[in-house]
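Going by the order they are written in, the chains are A, B and C; count residues from 1 in each one.
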Amino acid sequence: MKAAARVIRGFLSLLTGMWVTFRRIFKRPVTLTYPHKKPELSAAFRSAISLIRFDESGSHDCVACLQCQNICPSYCIAIEGEKPEGLKKKRATKFDVDYALCSLCGLCIDVCPTVTLEYSKIYDVADYRPDAFVYDLLEPYRDGEADFLVEARKKAEAAALKKAEAAKAAKAAKEAKAAAAAKEEENAAGKTETAKVEG
Amino acid sequence: MPTPTPTTIHDLLGNTWLVLLVATAGIMAFLTVNTLFLVWLERKVSARMQNRLGPTEVGPAGLVQTIADMLKLISKQLITPRLADKPIYHLAPWLIFLPILAAVSLFPFSESYVLHDLNVGLILVFAFAGLTILAIFMAGWGSNNKYALLGAMRSVAQNIAYEIPLMLAALAVTMHAQTMSLRGIVEAQADLPYIFVQPLAFVIYFISGLAETNRAPFDIPEAESELIAGFHTEYSGMRFAMFFFAEYSNMFIVCMVATTLFLGGWHGPFGLPGPVWFFLKVYGLILLMMWFRWTFPRLRFDQLMSFAWKILIPLALFNLLLTAFIMKVVA
Amino acid sequence: MKPRKDAAALLDGETYFLNMGPQHPSMHGVLRLLLRLSGERILECEPVIGYAHRAHEKMAENRNYQMFLPNTSRVDYLGGMIYNLAYCQAIEKMLEIEVPERAEYIRVIVSELNRISSHLLWFGTFLLDLGGITPFLYTFDDREEILNILDRVTGSRLTYSYGRFGGVTQDVDQEFLSMSTAFIKRLRTHFSEYHKLVTGNVIFQGRCRGVGVISPDMARTYGVTGPCLRASGIPYDIRKAEPYGIYDRFDFDVATRNEGDNFARYEVRLDEMEQSCRIIEQAIANIPEGPIMPAKPKKRFKIPAGECYFAVESPRGLMGYYIVADGSDIPSRIKLRTPSFSNLSSMVEVLADTMVADTIAILGSIDLILPEVDR
């Protein structure tokens, strides 16, 4: 009798399972039909790094400090830079990232002192050659580099001029202050002398 | 009212050789279309049960997908293992699907036309189905592969074990219909399909039929996660396609026998023509088989065997005895 | 592999060797099991590992502490967040860095979400091994929601490099908290569906009850931890035994069963998912405002000479980082104690007297991740 009850209970458990799958037929499929509909990427989505174009300067701000290159665990960043004439900081002349090696850890973005790196949003890259994924991050900036340097030099000169004037003004103020202090002393000395003479 | 003697294809065409040619071609064409359709149906049904879409790209609603897959299979290289037992290895794919052609020719799908009608039709269908067991073992042995052999041995044991309740359930129906001719059994259900008279026999028959065709939850012989692909591991390309073909055609035959024995064949409550009812019932049972496959995990092999020997066979025997008792004593 | 010395004696026609090789369609990864069978019964089982060795510990000797962060996620990719944060916590312990409260709460929420997603994937693949293909798709749908939530926060779906020494990289917003709450509600309704489809199913119970029993003594001998240990009756959970982070502030139960078979492990993991939901709810209710990194984050990490062992509860068991520092900014040695390695070693004894057909089911219920075994 117990065996019969077990068989019946077993049979009913099978029917319950069948009901679950039957009900699921009528739920909407969750498939995203990929080539026809593209996925929505989140704002934080991580893909290959790229240089940010700042509004004030119209270009990137990489100073070739090599910190990202040193910290990359996959050794995929290759940077070269030089100090252009008239500017204080170095400027990158080569910035290659081998995206095939990148592990998307974000350490390069964390460590960049000028906050000039960000993630891009590419996700559907495919190629036959392994070296197709060496991205040149300076490519969008090469055309405008000359203009940027001219602007930067102007700004640097203006800043240097301002600084020189400020230094001159400061020096003049300092001299005036010293002269005034000396005159005060003279007066004070004169007074004492007069006092001495009068006394 | 007794049905008029049906027209057989022999009456229509006369020449025996022509009959053979037309019948073979017709059955092959039908089975091919059937397999193509069933593969597509399986993929769509499984997809819907799993909250996904199934094939959609090739053809409208993915209907042409199976043809594309068949073309791909045909174009693949036929790799033969070096140490395979060549005659057995090469014969197995043919042997697994040729008897099915013979079995299909016996089916009564319409009241007025039939390909062939024998008064031992039921026995002949089971006999042809039994040939596939031989083919499975040949495939497993000839592949010279331990996995294939394991799969083949399990499959053979499973098929032999489940044939017994299958035939015992069919036997119970035969006792009611008093004939083994498939047409006769359908005609005897003009008033009431036998599923209402023999519900236990239907359940036993259907479960045994699932096991005969190696469908889940009895699909240990071809369980992907356990034995790669069981007895057809070493077959590629068109030979693999034959096994695939044979599996779906086997499913079709089991459901056809179930329809004939239990659901009343071509009879229907209202005006649709006989063949339409027949195929509706057959495909309904096939859908039920697919539903089982995508819901249940599979039985372990020894559980499968003990289920057959310790539960199904005693039940089938009990059913037979009960039927005999009721028929003799009560009716 | 060297040929066995007793090979000749063994080829007696009664037993045979079957190689469940590294290429196998079941869900375990590249594990090779050399089985000696007699008919369907396994006489001896020898797991051969190393097919997924990627030299993480060697890489640790050549990179500084920060550069090892992406490696940590990839050791166990299903528990990537937990491993990542555990490494950060180990370094914080060595350097005595104070982690802000908000960062601690965020760490707990994302860790528990990660644990739920790992268990959901395990559930699907376990059923897939047993032949029920459909629940795999259902759990992946749930898991997709978790991955979307974590993608919004961290930017990655599987291998997060979210932790930093002292906190986390990105802050979470109100949208994240409300999405997590909604997800937990949805998951709880799906639990009842999973119970109906799987747990009560007579075929499933027949495959799992009484199969692959790990006795408590066996578990202690081999160092089995995690759900496998708790299913054998020993209620050891590091979040309760030696709480790290702020786990001592949360109220949750340690799921335990006594039978030690596949079914007990299955139930323990389902219970654990429910407990993780409880922890997430409590964390969302109590998360404070504040910074997510210390006020003056360090830039260079030179750790004075010394050793540190830090253990956390990963979805598979006890996961430990043993870090040996020598005063520079490159570690002298980082040893990873991974739970799957010890869990797998218990299989030698468990599989020694079962049937071949049960092998896949038992291996599935242990929840192995081969890259974690091989590192």
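In this section, a residue touches a chain if its C-beta (ideal position, glycine included) is under 8 Å from a C-beta of that chain, and two chains touch if they have at least 3 such contacts.
The structure displayed is predicted, hence computed values, not measured ones.
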Farthest chain from subunit A, going by mean C-alpha coordinates, please.
B
Contact-richer chain pair (by C-beta pairs counted) among A-B and B-C
B-C
Central chain (distance from its CA mean to the mean of all protein CA atoms):
C
Nearest whole angstrom, what separates the Cα centre of subunit A from the Cα centre of subunit C?
34
Separation of mean Cα positions, subunit B and subunit A [Å, integer]:
66
If you average the CA atoms of subunit B and of subunit C, how many Å lie between those two points?
44
Multi-chain contacts in subunit A, i.e. residues touching at least two other chains, fall at 14, 17, 20-21, 24, 30
Among the residues of subunit B, pick out those that touch two or more other chains and give their numbers.
49-52, 294-296
Within subunit C, the set of residues that touch 2 or more other chains is 134, 138, 141, 197, 201, 203
Which residues of subunit C touch subunit A once you look at their complex with the stated criterion?
63-64, 66-71, 74, 134, 138, 141, 144, 148, 151-156, 159, 161, 164, 169-170, 193, 196-198, 200-203, 299
Touching residues on subunit A, where the partner in the complex is subunit C
9-11, 13-14, 16-17, 19-21, 24, 30, 42-46, 71-74, 103-107, 110-111, 119
Considering the complex alone, what residue numbers of subunit C touch subunit B?
16, 18, 24-27, 40, 127-134, 137-138, 141, 197, 201, 203-204, 206-207, 355-358, 360-361
Please name which positions on subunit B make contact with subunit A in the complex.
47-53, 56, 291-292, 294-296, 311
Seen from subunit B, its contact residues with subunit C in the complex are 46, 49-52, 146, 150, 216-217, 219-220, 223-226, 228, 294-303
